[in-house]
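Paired with chain B in one complex and with chain C in the other, chain A is shared by the two complexes that follow.
So, the complex of A and B:
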């Protein structure tokens, strides 16, 4: 049972944990979510990345049924977020930055409250996570640090033993050490148990540390999404050393290659950034009319990749 | 249970895909004899806990290791280092050497070094290798 056989683990899940289509959410006259579409695969650790005010919280509130969408549709664990929002709320573990805890309560007291509000409650599971975080088992919430409160929220969100967790900025306001410890448990325990984790953040470092899938939101729209390793694989920088400084038409020809999105001269050579089918770019470099002495290719950091997407968007 | 994690050091900030880092480091551990045939790798969940890496990423790495023939999955046991792993590792190294040769020849040609010059260099390098080995095959 504890053994995970690779061929089993790889089997494709029959449906997505979250499926959003053309979602629109307005706040008064402001459009907070503007035609957002995304898919969160089951079993993934999905980082929902975007600056403050990008529409992350509005999207999450709408998914949880706290707001009605003004357009589009979404399904969470197969349930419609409008018609079946009670099912969604019963099945999803949810924690948000704003959803503050009752400061005067003790840890056991708030557990009882949550149990009473929940359809099913697994106190053993909650206690296990309280132990994982070494939270004071009967301390007053008021006396907990900010990091401990975030940890307690996660424990409570796990109380219904959900297969999907939706966390709105769970690391917000935590210092780097507390953030790291929190993320480590999120991926090393919560996700390792087979739960899908969907969390929003404005910090790329959170994504790099634990996510396997990312969606970047800006201005209420999804700029890019996908598997992080695929992104690392499909973005490369090539540094090409020519025997002689290549003429301008060679630079133009490189620019025209499929998948090449930036070419710069660098001394006698060229620096080229490629996106997409980088294998084809590499092959094209093996067959140039001008003599090439050396080609060196390196991956791009996620930071660089994301900045490129955001700038592309701004440039339009 | 062996601790594969001692062989693995993931840099999530580099541009190299995490699963590629995992695969390369397990491959290295096999090549240097740190992991031998029949040794059991941690479960996906176990390794996710140890390294704090998303389980999907580990599944991807294990699948790739399996595709390369370095590991195999056994019913009721889990993922283990494959029996023929020494063979696979040797073949991998052989391929890597010929890849280096390809680049060497390309770079030499680009610098105008002739085939004859290169042959001469190769010959003299082989001269340096002690006789007893290699001779008997």
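So, the complex of A and C:
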């Protein structure tokens, strides 16, 4: 049975660039996005992280109006993605991992085409970014490298002076040097101008390099979303050194603590992964029946956080 | 967008124009037609004479010249072929190369994208049809044809009909190109679809007769209905060069035939996911 779009409108907070509620996207019988709800704050650099096939591209395509949702609703900059798709696209710059450039055109010609297709166009801005990336101003597009094409797509996405940039795996397939140059401009120039940047990636290094907010998606569902620093703070690894090897019941008791999601023996000690109210976990560790000689607490890396959520979702 | 579409279409237009110019050299000189008519006239006296046709029509050199010009209007077939090539890559080409993302991410409605592409191609085809018509008349005059026998309104109507037929082909190609990714599958399916259309209803009836010929015997009304829809009777005849009107029914048929695939393409393109 086909899903129907939720009739209730999404109320968008002033501070939200993107507000998604219960979004469902199907490819035939396969559900690519499964009741996704999330909020992207205005002015943020939001990294949309997920493994391949998690539903990132499907979500982005739906936000951009490339496909209609099978359920739920979403607003971009306050405009409904279905009923006001043209308004959305007038205010959003988009670039994808797929080369969407006309290979036979020159750089100035594709700029003119994009100008003709846009409601407003700031050629000075485009020229500035072409300069920042050192792209050949009159070059044929087919002669550009993959990295330069990605950079040109970003320049064209910025040409309409968008409030929001939506980038789908923008650095996918780029070599480390091109990726670094791309991200440097993204965070150093584009985000610094106050634009909201929403970009999907499966590369943790991209997120750590530029994002201030992150959402992790798996199986079409958002597993976690929030400020990256807060996320690191609320996800900690405790290394607990006991005076004597702790018995099995101690391990079980640690596992039963609120916020603890993994406990592993590590020599005479224990490595414990916790998320949420880690302060409570820390206090509980001070009150153990077995003698603890040392507790070392470190924030989880994004990779740890990502793996923890993805493995939890897999039921591991 | 129009500039971009014209840029995409212009090389195809240039190739078609060159082909039309080359084709024009094949128009037989009028003196040869007269000679042939005299020869046939001589041959057909006596036993070999075809008595079903009145001699003034059957062996009239002017008539043969007009038929020759009609044959030259294979330009129309060329225009239709051009429309197939133009239309089959309109959307499938963009999908295949990924450039559809560039168009869909801009504040343009899908209807506008599709109709702009279609309109540019239809305009190119109209120009080609007009050029073809003018070329026929010019070459015919240069080769000594008796132009007094040519009906200029007839040629105009013929050009218009040819254009309608070519935009029908364009519409079918466009419809197919909405479904497919890449030019080759789109071209192949369009060609097959057109073949199926122009051989209708014989193709359907043949299939049915292979399955069970009794179905046909028991479905006389369907049989007749199929034949009423068949394009054959609505194709243009050489008589238009002599002033025969192609007929309102033919115009209506090809107008509807041109509109249906276009409207279907717009409807599907608006709904399609990319």
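Convention: the second predicted complex is superposed on the first by the 298 of 316 C-alpha atoms of A that agree within 3 Å, B and C clash if a C-alpha of one lies under 4 Å from a C-alpha of the other, contacts with A are read in each partner's own complex, and residues count from 1 in each chain.
In this section, a contact is a pair of C-beta atoms (placed from the backbone, for glycine too) under 8 Å apart; a residue touches a chain by one contact, two chains touch by 3 or more.
These numbers come from a predicted model, not from an experiment.
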{"item": "Superposition on chain A - do chain B and chain C clash or fit", "value": "fit"}
{"item": "Chain B versus chain C as contact partner of A:218, first or second or both or neither", "value": "neither"}
{"item": "Which of chain B and chain C A:228 touches, first, second, both or neither", "value": "first"}
{"item": "Touching partner for A:66 - first (chain B), second (chain C), both, neither", "value": "second"}
{"item": "Partner chain(s) touched by A:31 [first = chain B, second = chain C, both, neither]", "value": "neither"}
{"item": "Touched chain A residues, chain B compared with chain C", "value": "B"}
{"item": "Touching partner for A:294 - first (chain B), second (chain C), both, neither", "value": "first"}
{"item": "Nearest-approach distance, in Å, of chain C Cα atoms to those of chain B in the combined model", "value": "25"}
{"item": "Intersection of the chain A residues that touch chain B with those that touch chain C", "value": "none"}
{"item": "Contacting residues of chain C [partner chain A, same complex]", "value": "1, 3-4, 97-109, 271, 273-274"}
{"item": "Sites on chain A touched by chain B in the complex", "value": "2-7, 9-10, 41, 43-45, 183-184, 187-189, 191-194, 208-213, 228-230, 232-233, 235-236, 243, 291-294, 298-302, 304"}
{"item": "Footprint of chain C on chain A - complex, ascending", "value": "61, 64-68, 86-87, 89-90, 92, 94, 96, 98-103, 112-114, 116-119, 156-157"}
{"item": "Footprint of chain A on chain B - complex, ascending", "value": "12-20, 43-46, 48-57, 59-60, 62-63, 66, 73, 75-79, 107, 110-111"}
